[in-house]
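Shared chain: chain A. Partners: chain B in the first complex, chain C in the second.
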Partner chain A sequence: MKTLTILKYQWKDLFRGKWIIGYGLIYLLVADAMIRFGGTGPKAMLSIANVMLLLIPLVGMIYGALYLYQSREFTELLLAQPLNRRTLFWGLFGGVAMPLALAFSLGVGLPMLYSGIIATSPIVSVLLVLVLGNVLTLLFTGLGFWLALAFFNDRIKGLGFALVSWLFLAILYDGLVLLTIVTFGDYPIEKPMLALALINPIDLARITVLLNFDVSALMGYTGAVFSRFFGSMLGMSVAAGCLMIWLGLPLWRSVQLFKKKDF
Partner chain B sequence: MITIKGLRKDFGPRTVLDNIHLELPSGRATGIVGPNGSGKTTTIKALLGLVKPTEGAIYIDGESVQGQWQYRQNIGYMPQTARYPENMSVNELFEFISEVRGNPTDNKAKLIEYFDLEPELDKRMRTLSGGTRQKVGAVLAMMFDPRILIFDEPTAGLDPRASVQFKKLVHREKEAGKTILLTSHIMSEIEELADYLIFIVEGRIRYHGPMKELIEKQKEQRLEEAVAKMMEEVTA
Partner chain C sequence: MRAFLNIAALILWMVSQVQLVSARQLTVAPNGPVSSVKEGIALASSGDTLVLKEGHYDEYDITVDKPLTIIGEGQVVIDGNRKGFVLVITADDVTVKNIEVRHASTSFMEDYAGILVENTNNTVIENVTLTDNFFGIYLAKSSNALIKDNHITASGGRETSSGNGIHLWYSKDIDIQGNYVEGHRDGLYFEFVEGATISGNVSEHNIRYGIHFMYSDNCRYEGNTFRDNGGGVAVMYTQNVEIINNRFEDNWGSSAYGMLLKEINRSQIEGNEFVNNSVGLYIEATSRNSIKKNSFRQNGWAIKLMANSTDNRFTENNFIANSFEISTNSRQNYNAFDNNYWSQYEGYDLDKDGIGDVPHRPVRLFSIIVEKHPPSLLLLRSLLIDILDAAEKFMPVLTPETLIDSQPKMTKIL
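So, the complex of A and B:
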């Protein structure tokens, strides 16, 4: 109940900042443009998915960390009140993660609705993109929280690590995987490659998308290996399961850190 | 009744509080004094659960506060540097905390009037002056009429009029039988408001007892001189 009270005030504060509305508008513009130029086929959906795979982790981590730093006063004020730390944590997390997820869902969902893409493409694909976007938002906001709590008194370090993690997971990772393949191409490396894909949540999400659209050649080597090794259905379940673990881990660690923290 | 047993707090390699033993009976007003960085605020924060003790335990009315949060229902806290959510208006802040604590009293309106806060109610926290923020903090601490009141440097930043007003109010709360704990660098304030004194240096308690005894012991007229003398003795 008290979590809800906290959420209410956080949201009021967040929407007053208008930043979150701009974030939703970006998705609206991107989705609208992709559908206009790419038609209502799977191509547009894939393009939207690609933008989402880059943008959500970046915004989730940076804004998650920044938000925790900015709500320090709020946190200190509430910790002196009769309130459980766990309650406060979920209030803070939900206060930023849920509006971010909502902005994404509306931004991507509205163009899909008015362009009629919902009617023409398989409903599973549409749902998949929306659900994955929401999961990634929660996941990377959680990671941002984790980094901010680990470097609570050093914003520069916390935000720096968030940025570097994003750069690594979203951009460098696939390159490194490719490099490994080129270097060790003569050995049977399919299984280690699978493990590499499981380690990176962005790769995991990407694989889930491309297994669903059945276009593994489009999105990097790890996806191709994954698609061949698993059947489509099994592959998706494994990827989804790993994503869930990825979602739980940062949040679990963050709660632990938050409960022990001195303010 | 607040009981602290063997409290110790390390921040990294630095020991901020070392083996603190305290008993503060209900209804007593106690002042905590000590040089900057001696651990006054950390003691208060440990009491509130903001800082987790490295060792030792804190009991309020015989119950350990470790991992608990309900006990804060009985505590009103006014922090040293009043930092509040910048975008909230004063009224929103009051209402928000009321919703969190869930036991509004008619004290709120009285306190707002007492501190002349009506014209500020719709202003955002970030536009308020330091003194006004302090007043907001005072209202927040007392609006639920808690049994225990904790003030950390309450009058720093208040103008003389507000300061006098505030002290009058604390005096009234004391008469009403509240347990009061306050830190200050202004000795006259401690002398006015507290009966007992805790003197902390480098995380250790050097004196805990009735204020009058200390003044007599140090053969001084005023508390300020007695404390200054004690500080010299410690550093010497």
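So, the complex of A and C:
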């Protein structure tokens, strides 16, 4: 109950800031443009998924960290009240992550609705984009919180780490994977490769998108390990499971840090 | 006596004339006076019509050695019980209609078939259902046959224990229309065939190829659908084929191609749809063909073009939402691309003439990386890969410099 009250204040604060509305508008514009120019085929959904994979981790992490820094006084004020710290944490987290998820869902969902793409394209790909977007939002806001709590007194460090983590997970990590593949290409590296991909949440989300939109290409791969992994429900369920672990881990660490923190 | 002989001769002559003019009709029924097909054929003479009444006939190696018309009435099943061939046609002008042929024998030595047609002319096989035969319809050294509206299914598990649906060998001027083939080794198989027309057939869920086509010049296939076959469709070692308005879809696998072209020359490939295949069109050692007005949608690779193919011309094709548009194995290219629509095209059209102002490079750097290091396929749609691709597009170092469409269309070609 108290969590909800905190949530409510957070929401009011966020919407007063207009930032969140702008964030939703970006998705609205992107999705609208993609559908308008990409046609109602799978191409539009794929482009939206691509933008989502790029933008959500960045915004989620930066905004998560930033918000915790900004609402420091508010948090300290609330801590003076007879409040459970766990309750307070979930109030704060929900107050940021849920509006972000909502902005994404509305921004992407509305163009799909009024363009009618929701009826014409397979329901699985629509659901995939929406669910994956929401999971990624929660995941990366959680990561942002974790970083902010770990470097609570040094904003520059916290935000810097958030930015670098994004750069690492989104680009550099794939570079390392590519390098590994090129270097150890002569060895049976399929299983380690799959494991490597499952470690990075952005890659995980990307592979889930691939499983939906590029199966025909993935099935063209000669290795048995890949085709068995990608060709069955196994791939989807393993990817979903790993994403859930990734969702839980930063939040669990954050709660730990938040409970012990001396503000 | 002499007069009597004369009259007898006259009568005999007249009878024979009557027979020539109006053929007799013989009826075979499971519980009638003539109860087996073999008996019926033995009793019939050339040009007769054999009507099979509804029922189940357990017979095999039925040889049709005179021009007959064999027509089934109702549910007529001839069951070979896996003992040999079922129907063997060795005479000209034989017509088989409206029956079902089941269970030809399976063998590693002999090509047992539901219907074997050998050394004949003018055979018609129409509206026949072939169920669970080793080979379905097998034509050897025959010409002018019509194979129409047959339904050919089998459930062979492996390549070795399964034969082809419609198998043609050394035949000429064959018309194959509106058949349905499923679950065989190759749906349709052509070797040394001349001038065949294959139209409106559906060949799906076969173990190897939907159609396997070799050394068969001057053939035409039109309006067929090939779906979910183990290896897709293979067309090899042939000149002057017309492949028009066919559909190739859902062929998934590491060696599955919508259509594989190997050593095909001077042929037309027009108006086909390649949808949802691992590789839409695989081209190897193939020259001087026109590939025009085809649609490639949602394939892993729309076209894999091997560098030993030359002088092919790709015009007015649609490439829509494929993971890779074209991949190749060399920096050399001797083929021409123009006026295609590429959904991955990122250029602009300032003069509004419907043609993009900058050329399109359909070979991505990433497709070359994947060709060399297959596991890197896992990085598809990664931001890093997009950045690498963009860099390569500005300054091609690894991708073939001449494989470009200098006049890419801005909108889909209808």
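The criterion applied here is as follows: the second predicted complex is superposed on the first by the 245 of 263 C-alpha atoms of A that agree within 3 Å, B and C clash if a C-alpha of one lies under 4 Å from a C-alpha of the other, contacts with A are read in each partner's own complex, and residues count from 1 in each chain.
By definition in this document, a residue touches a chain if its C-beta (ideal position, glycine included) is under 8 Å from a C-beta of that chain, and two chains touch if they have at least 3 such contacts.
Remember, predicted model here, so these are calculated numbers, not experimental data.
**Q** Let me test your reading of the model: by the given contact rule, A:I156 touches which partner, first (chain B), second (chain C), both or neither?
**A** Neither: A:I156 stays clear of chain B and chain C.
**Q** Per the contact definition in the header, classify A:K43: touching chain B only (first), chain C only (second), both, or neither.
**A** In the superposition, A:K43 contacts chain C only.
**Q** Kindly classify A:V124 by the partners it touches after superposition: chain B alone (first), chain C alone (second), both, or neither?
**A** Neither partner.
**Q** In the superposed arrangement, which partner chain does A:D262 touch: chain B (first), chain C (second), both, or neither?
**A** A:D262 contacts chain B only, not chain C.
**Q** Which one hits more chain A residues, chain B or chain C?
**A** C
**Q** Give one of first, second, both or neither to describe whether A:D203 is in contact with chain B, with chain C, with both, or with none.
**A** Once the two structures are laid over each other on A, A:D203 reaches chain C alone.
**Q** Could you tell me if A:V177 is touching chain B, chain C, both of them or neither one (first, second, both, neither)?
**A** Only chain C is touched by A:V177; chain B is not.
**Q** For chain A, which residues lie in the overlap of the chain B contacts and the chain C contacts?
**A** none
**Q** Could you please specify the touching residues of chain B with respect to chain A in the complex?
**A** 11, 45, 48-52, 69-73, 75, 77, 79, 83-88, 92, 96-97, 99-101
**Q** Considering only the defined contacts, which chain C positions touch chain A in the complex?
**A** 252-254, 256, 276-279, 297-301, 320-321, 323-324, 343, 369, 372-385, 387
**Q** Can you check the complex and tell me which residues of chain A touch chain C?
**A** 38, 41-43, 46, 50, 53-54, 170-172, 174-175, 177-178, 181-182, 185, 189-190, 193-194, 197, 203, 206-207, 209-210, 214-223, 226-227
**Q** Report the residues of chain A in contact with chain B in the complex, numbered from low to high.
**A** 2, 5-6, 9, 12-13, 16-17, 71-74, 76-85, 260-263
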